[in-house]
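What follows is a pair of complexes built around chain A, which joins chain B in one and chain C in the other.
Let's look at the complex of A and B:
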């Protein structure tokens, strides 16, 4: 037995836990800290006006966002983002199941879908402004029009990939339509559906901001543009940081949900790798 | 050379009656005749094995019997009623156990699912699931997921699901082809004991001659594709079977030789023995 092993075994358990926690924290924070320092240094050396230093941004952040603006600009933006995302999820999965199950419907719609998918959603903003006005509806439409595609296409693929043996099993045991949909098709396609939703979430954030930049009187995208136009540079930076934080938080939440929903899938994968 | 007098025509309608079954797959410009003309019947409570050379259309036949595939012509009758879609009195155990269980459901939920669809009350469902899992020796694994179990155990879950469904006919499509030899022997004995206990009619498809002779009361030998029943052999071994003693009986060796010879001749001359079965 080697010497380091003996000492680590003898060390008090509390101390060992503390070391482990410190190590985790180091991995978590080392790179962000280094990047902030780099930023600081770059700002100080270059003396660039537009590169506000991190301490100024931090101080301004509290000033700008801890208050009414959070309720007026940030929360409604997040609500629209989630609303659009949820709408796209429901529509995308419902249409995807329909198209995935019917080869004829797929053949009929494929060229149109490929065309619509190729249109960059931001160019729809001027059009949707005309159709729906500068409203919440327009912003939701922009988000839905962009983030429905990965959900739709992944759902179609997932539904098509349902195992034929499992489908035969369902038929043999007389599993009816409703249970077939909930127990076989949606569950079986859930890995692909989740992959589509993950992509859609990041697209939704982008489109939320874009829809507010064009024509709006509130929201995160509007606020950032507003600060930029009035040369409130540290304030502008805080908006960008807040967007980053929101995206990060949503992705963490999504991962938690995904871990629960796809527990079986990860189990199957681990089991096949172990063989 | 046939034993077709044991097709229990006298004992009323057979449980499973396959008559003149033919299946032709329409390909691009050419038709492939997978099954030519199959006729056989199983009496209520009979355990019969179907063996044939590989690629002889066993799976096609089984899918037609299960109502999963429409035959080109001919009929399948279950207890006198024509089969056009999967009948409620029939359960199927597939070869690919890993793909016939729902990986997102627990063992218990997998066995229970068809019973829910049947609309059985909760207590009855619990009773059937527990009973079936106990019968296959998996009572302790009700809360596990299929992928946490070995291959043999997964196939036993599929068997438990079939038993809990309380079918009158149980179809098994090479169910033990993908498990190791020792597990296979255990599962063969399990099938015999479940068959005796529950008394359902079993049609067991296999490519393994020893397995067919060991398990069945009858062995139906299929010709190579396009398939007909080449021979129908009654297995006159003692009813109590044992992996060691039964397999070392001289009669076992004779039967297995006969089945083997039939399959060899089936491989050589396709469909020459088309009328030999009757």
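Let's look at the complex of A and C:
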């Protein structure tokens, strides 16, 4: 920061802070506000049946989702999503560490895993419906079997890439298996694991919605399709908005967790870049 | 910001066989041969397990037909023109959607990325729109386009666009300032700078985005066909499932997997070809 800036900051710190905040707010809200206005205008001018105007959607949103439906449809869906994701994370990391540490096992399973990963997860919905019927278990299974692959394969890559010098050092100092696993292996693989988890999270949302759209009698996906089939257009839009909000919130939450977990890594990177 | 950057960009590099410093060429060849053999053993073991589990009744063969039956069903289907039409529909929906998304993302990404004001203005909107799962648009697609290929395209483009766009933004931001200033000193104009400095620096990111986008596009193409019923492999799966042709469902799932593998391999090859000059491909150590 140069000298004149410092003095001006000293002269009127409150004013400066206020302008900076106002500018940030402007950058944050200008485009969204413009887009909503545009939406409004388009809805009013074109008179398109499918384009509900934002105020109608907002009013309907409160009506539709603040009530029983939130408890019956939305909450269980999100719970399944998180449960499936957590299960896939535990399984993926555990298997990934095992496979990553053993080159032979890796060579044995790699082609099969690459193939299984390449299957687009949504096709597992009809398949698992055959195996497990239409049940909560099936929906969980769909989510787990779809989002385990990025976690598993990224964990394997991360474990493989553990710095050999660090590994040797651990061995020299006689550090036990468990310590080695928690402080060395999982730590150094964590950037990759987090990248895998992030991919898995977006797949998990897709699969939650699809498993409910394809075969179910409750849940978010089912409700939204139901609205669309009965041409309840504003209600359908509220469903889309709710799914969008869930996606957005989960991604924000994930970023917060990631920032915490990878604080050391970002610090190291910043240091090597000389910042 | 940094967290997002580190993970999206080089955290998942082309995970090919990294050149490990082996003792000799012959030894390396034998070890590679050993790896291939082990891999083949793995595939054989997987198929064997799949064959045995339903045969001894661990899982009813009604729900999990043995591998041999599925493979026979697959071979039978492969002789039908209907399947090839569906496959073509899927590939067209995927390819066209990916093409539209790539062009839009690269053009917009370069425009927004090189103008800081635009970038700041759009940041909040992008951060909000990006995580919206594109399956949320399914009802809208149905209302607008019914089972037309356009409903597939809507989902594919929306999903693939963000993957590529974000990478392009990172790529444009990652241009080496020294190279940029050098180009300026040599009197290169804006367009020439984009062509000779920004484009090559951003290309690895563009291709990473393209690779992620290609995989997501395939997922969404098949999803649209499965749920909406637009023509393609997904629809075939839904039809087979509702008509109780269990072996056919498995056969089609294997086919989509094969398609996925081909897409992965193809994109990796493209990456290696276009980035033959880049360190990640030349095989030097990239941290």
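Going forward, the second predicted complex is superposed on the first by the 262 of 275 C-alpha atoms of A that agree within 3 Å, B and C clash if a C-alpha of one lies under 4 Å from a C-alpha of the other, contacts with A are read in each partner's own complex, and residues count from 1 in each chain.
Heads up, the rule we're going with is that a contact is a pair of C-beta atoms (placed from the backbone, for glycine too) under 8 Å apart; a residue touches a chain by one contact, two chains touch by 3 or more.
Quick caveat, the model's predicted, so the values are computed rather than measured.
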**OP:** Check the residue A:46 against both partner chains and state whether it touches chain B (first), chain C (second), both, or neither.
**Re:** neither
Practice problem: Look at A:19 in the shared chain and tell me whether it touches chain B only, chain C only, both, or neither; answer first, second, both or neither. | Solution: neither
Chosen between chain B and chain C, the partner touching more chain A residues is C
If you stack the two complexes on chain A, which partner ends up touching A:30: first (chain B), second (chain C), both, or neither? second
- Is A:129 in contact with chain B, with chain C, with both, or with neither (first, second, both, neither)? second
Which partner does A:271 contact after superposing on A: first (chain B), second (chain C), both, neither? first
Open item on the list: With both complexes overlaid on chain A, does A:182 touch chain B (first), chain C (second), both or neither?
Closed with: neither
On chain A, the footprints of chain B and chain C overlap at residues 265
Given the complex, residues on chain C that touch chain A span 2-4, 6-8, 11-12, 15, 34-35, 38-43, 45-46, 59, 63-64, 120-125, 128, 130-140, 142-144, 218-219, 222-223, 226-227, 234, 237-238, 241, 246, 249-250, 252-254, 256-261, 263-264
Touching chain B in the complex, chain A uses residues 163, 165-166, 168-169, 171-176, 179, 183-184, 187, 190, 264-265, 267-268, 271-272
The residues of chain B that touch chain A in their complex are 63, 66, 68, 85-86, 88, 90-92, 94, 96, 99-100, 102-105, 113-114, 116-118, 145, 147-148, 161, 165
Residue positions on chain A within touch of chain C in the complex are 27-32, 35, 50, 104, 107-112, 114-127, 129-131, 154, 157, 191-192, 194-195, 198, 202-203, 205-206, 209-210, 213-214, 221, 224-225, 227-228, 233, 236, 239-240, 243-244, 247-248, 250-251, 255, 258-259, 262, 265-266, 269-270
